[in-house]
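To keep things simple, chains are lettered A, B, C and D as they appear, and every chain counts its residues starting from 1.
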Amino acid sequence: MNAPAAPDAATRLPLSEAPIPDEVFQNMRRANLARWPTGAEVDIDAAVERHKALPRHKQLAWVMREADRQRRCLTQPRGGCGTFNMHRDLMVTLDREGLADVVPTTTDSYTRNEQWQLAQHGIEESEKAGRSLLNGYPMVNYGVAKASQLVDAIDKPAIMLTGTAMPMLTGEIGYAGGYSGYLGSGIAYTTSYIKELTIEEGIRNYQYLDRLAALYQARGVELHRRQPGFLTGTNVPPSIAIVTCVLDCLLAAAQGVRNYGLEMGETLHLIQDAAAVAACRELCQDYLAKKGHRDVFTPVTLLHWMGAWPHDDAQSAAMIAYGGTLAAIAGANSVTTKSTHEAYGIPTPQANAEGLRMTRTAIYLARNIRLDGLPEYEREKALIGREVRPIVDKVLEMGDGDVAVGTVRAFEAGVLDVPWSPNRGVASRVLPARDADGYLRIVDPGRMPFPGDVMAVHEERLRKRAERENIPYGPDLAVSSVYEMSEPIAKLMSDRWAV
Amino acid sequence: MNAPAAPDAATRLPLSEAPIPDEVFQNMRRANLARWPTGAEVDIDAAVERHKALPRHKQLAWVMREADRQRRCLTQPRGGCGTFNMHRDLMVTLDREGLADVVPTTTDSYTRNEQWQLAQHGIEESEKAGRSLLNGYPMVNYGVAKASQLVDAIDKPAIMLTGTAMPMLTGEIGYAGGYSGYLGSGIAYTTSYIKELTIEEGIRNYQYLDRLAALYQARGVELHRRQPGFLTGTNVPPSIAIVTCVLDCLLAAAQGVRNYGLEMGETLHLIQDAAAVAACRELCQDYLAKKGHRDVFTPVTLLHWMGAWPHDDAQSAAMIAYGGTLAAIAGANSVTTKSTHEAYGIPTPQANAEGLRMTRTAIYLARNIRLDGLPEYEREKALIGREVRPIVDKVLEMGDGDVAVGTVRAFEAGVLDVPWSPNRGVASRVLPARDADGYLRIVDPGRMPFPGDVMAVHEERLRKRAERENIPYGPDLAVSSVYEMSEPIAKLMSDRWAV
Amino acid sequence: MAANQRTLVTGVIGSDTHIVGNRILSMALEKSGYKVVSLGALTPAGDFVKAAIETAADAILVSSLYGQGELDCRGFRDLCVEAGLDHILLYVGGNLIVGKHPWPAVEKIFLDMGFDRAAPPGTRVETVIEWLHEDFATRDRDLRRALD
Amino acid sequence: MAANQRTLVTGVIGSDTHIVGNRILSMALEKSGYKVVSLGALTPAGDFVKAAIETAADAILVSSLYGQGELDCRGFRDLCVEAGLDHILLYVGGNLIVGKHPWPAVEKIFLDMGFDRAAPPGTRVETVIEWLHEDFATRDRDLRRALD
């Protein structure tokens, strides 16, 4: 792995949520951009001009606000290829054939881990093989000019999807090239995408990126930042997602970010997802207000099922469509899509575009439906609040009011936790499972301080399921829930009658 | 067309809802079965034995009751091929690969119109071509023994789908072969599947079939009868569907039918469909009770969108999945499925099976969701009642309490009407269209006596749409609504921003 | 317009009940200035020809949606010729055969039967109006040339 | 059991963070009696070999989900041989290459690299346990034969 940016005094202050001072930030940028040759291509003045010259329908911040104003639910796929040409073709296909409202660039996993030498090797092998051997686009290796060509090839806003705890160079290059959105955050990605990096380093890395967005903001360019609250994508209950949304959002706002999207993986339970979207929006705004941030726009995005998918295109198609239905009814501002290839491998551009059109159709069909006033929905929404507030309040208390410090301490104490995390700094003792009515609940809270009455609700419903399916109450329930959605439908809903 | 069964005194009483007397019915059956050689194969004693020997999971009446008891939403496709072998293979594929809970036999359109000579020709041409030139299975030409082999080839109940106003011989043969369900009714199919036959003849034909089911019932065999309230499948609003459900149901109950399914095409509006299912169930039971029928089981089935489909598999997949979602959330007892081939032609067995699995997955995902208590749902349900009751009450009044007589008179007067009907005896002046919120409403009631306050609701919402889309209020609104769901999604929900 | 107003016969052939598209088409054709003789659903082939003779029609537009059009439409051109309608314009449209097939193959079957045009599933009325416009214009031109 | 308990090394190779399946697999293998040395996500190829030597492991189970396994796994068998682990059982499983491909083609790539077994996407733990059972039994039999 490449060395992290040099940790000397000029570039490293004690951890806090406070905005990085101008001068320190300039030093940090200089060091950062020097880490790979393409870093030198970043010129903030040129970048600002570039963004100002983009039509507003290619600026994600404007597009998200407009979607919110018009109550539209936008679609956005993922996708990245290992060579420039393949990747440009993919972006064009997603734009034209998929009607994607937001066009992505997923980076490859070497880039995510700042292994740019390996990425270079991957590019060469991909060219040789005539197919992509990388699982995404090596943004850093190709640099600013190429990024700019990609943005020019489409007629939509472009977003970087980089699933990394180390976003500093990728973010600089993409933003400079005219990408107007970046998905990633210090808490979410550090807990879910890396093994050895500490939460503190992850937070610091994203403070840099958020500070960069604020720099553009100060120069009159509104960029979109976004938080991946889907975390490990594996049965993450809304409350745990939202806790990280709130905390990452407060960290970003402290650096000066004004457009901050919040993402959550779908639970695939209509009522729980609708409640989660409403609760997420309210809770984030609530805590922002408490911390004195009154002008942060926080649209909410749902993601198609993030856990394991079935090996049947027909089953997958139904999950894709339902993913659109859920997002529309939940009133999400956008939905991030998958394809019928999900269980197998990275989809072809065509399969990816089909997933987009399925989703778009599903949104159209359900665009007028809302659940406000449905008793079960109102109950669930209140429940989520009762789960989130005690955790967030505890974190703030542990940090003596500082979100960054509180977060680091809370992870150490297990007060903050993420299920199925690969990170050594995360307890990953909390275990979720699906209950008898299809809601995601918590079977073991680990050391997360959920109130007793809340945990009693979870346990009661999960015990019902355990009993019905004859699974011992405990981790087995969590494991069977990991598999559930990937099981053949014949097993999930038999066409036979018990005799 | 073959001559109708001889209309002499021994087989024809004045029109009324009263049960056909034993002796008259025996004469009718004799004349009916003599119309084509295979009629002679029908032996009621053998048939009764056959049904009694079927395991109950192959008896549709039991299966529908059990589904209701277990709150399961069953899946059932359509499908028929022009030769026995192709058709058997289709049924087996739908059973095994599609996991169909109910396996269909759709008859071809010559059989539907009792043109058995033409059907014979179609069989031969299909054998020659090695592909089906008929749009269904010629049940009458193949006769009882072959029907019986089809039922034996599957492990589910088999239902006849015969879209005809002339069910008498097809019904005799299928029931004798072990089919335990028959879809069709005098009002619905006569108004929607034929041009020249009068409503009276259609009612009489189905009184025969209902009386036949009652004959089996008397011999200890419960058969399932079912009403196709989807009518012309073209934007039929729930209230018009339910009016026909109620009237056909009363006619069937009068002949002694005890298992009577009610079908409605989906409006593709979640709340309207859920309200329609609940309202249909309640209103039918209400009128049954008023007429003194206390033991008729009336499960409700929703059908995948019955109007025009889009020419894009991805769009169609979303409509299929949503069709399952709607049925599950509406609490329908079963859903009748389509495939991604719908806009093009009769699906291959594989495409048909995929449609089933998509639907099944969608049902699984939404199986726990109900809308009871949602204010908009409760309002819509009440509205449907306010639409249905005045019409049904008027029909009963016009018939001096006799449903058969009242129905015939009401169609003559336009009090009963069906949109887009091909039948000369139907005014077809009523015109439905989709409103601003996606509900199916009535733009022109023709002469149907909907109350003024109800029509005011419809008009207000439709005018909103007319304005928004700049379409003159009137028939153009109805025509654009016919096309709507078949339009490319790029047109329905543009990926561009108004500038 | 009224003087040389063209007459079109429309209907759905065979035992086919699909009236919706045919009715919308007929309404649109009327609106765009044609005289339309609309036979409705379930119309035997012979009835089309009879109506065309009676009304001295310029074209017959046959709808077939239910898949059995392949059987119903065989010999339709011959029927016309036998009745002396040698040059009448013949269109057919809808879901012409059973199943989903590549359009060119289906089109060929019906052009081979003697139809002048065949319309694939989902054809919009605007297209049909354009076709008629073109084909009648060509015929007029050919006629004028023949007269020159 | 304890005496001749087999030792397995598990982990997710390269820069791959997909830990869920690997963790469930490791838990299941432990439960079924193996000693499992679990290296977790993002594990360099060399770390597998080091761990196998240190624990005298009988097999290495490499997970790769993220598609870049094709690059990460090249030369894995050679690494083992160089380290003196000539006959160690090598499995690999997951979503092994980028994209959806017919399984036999993918399997061949990895068997050619020297893996003894490759598991297609979605393989259940029961299958893996069966494979290990079979393969260790075969090895025992071969060993006994060799000693006879």
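As a convention for this text, contacts are C-beta pairs under 8 Å (C-beta built on N, C-alpha and C of every residue); 3 or more make two chains touch, one makes a residue touch a chain.
Note that the structure is predicted; figures quoted are calculated from it, not measured.
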Looking at the contacts, which chains touch chain A and chain B alike? none
How many angstrom between the C-alpha centroids of chain D and chain B? 56
Taking the mean of the CA coordinates per chain, how far is chain B from chain C in Å? 31
Could you please state the distance in Å, as a whole number, between where the Cα atoms of chain C are centred and where those of chain D are centred? 68
Select the category (line, ring, star, complete, other) that matches the graph of chains linked by touching. line
Among the chains present, which pairs are found to touch? A-B, A-D, B-C
Complex interface listing, chain A residues touching chain D: 82, 108-110, 112-113, 115, 118, 121-122, 125, 131-135, 163, 192-196, 232, 234, 308, 311, 341, 343-348, 351, 420-422, 424, 475, 479, 482, 486
Going by the contact rule set out above, which residues of chain B touch chain A in the complex? 57, 63, 66, 99-101, 156, 268-271, 310, 312-315, 317-322, 324-325, 329, 353-355, 357-369, 371, 373-376, 437-438, 489-490, 492-493, 495-497, 499
Which residues of chain C touch chain B in their complex? 12, 14-17, 19-21, 23-24, 27, 40-42, 66-68, 70-71, 95, 97-101, 121-122
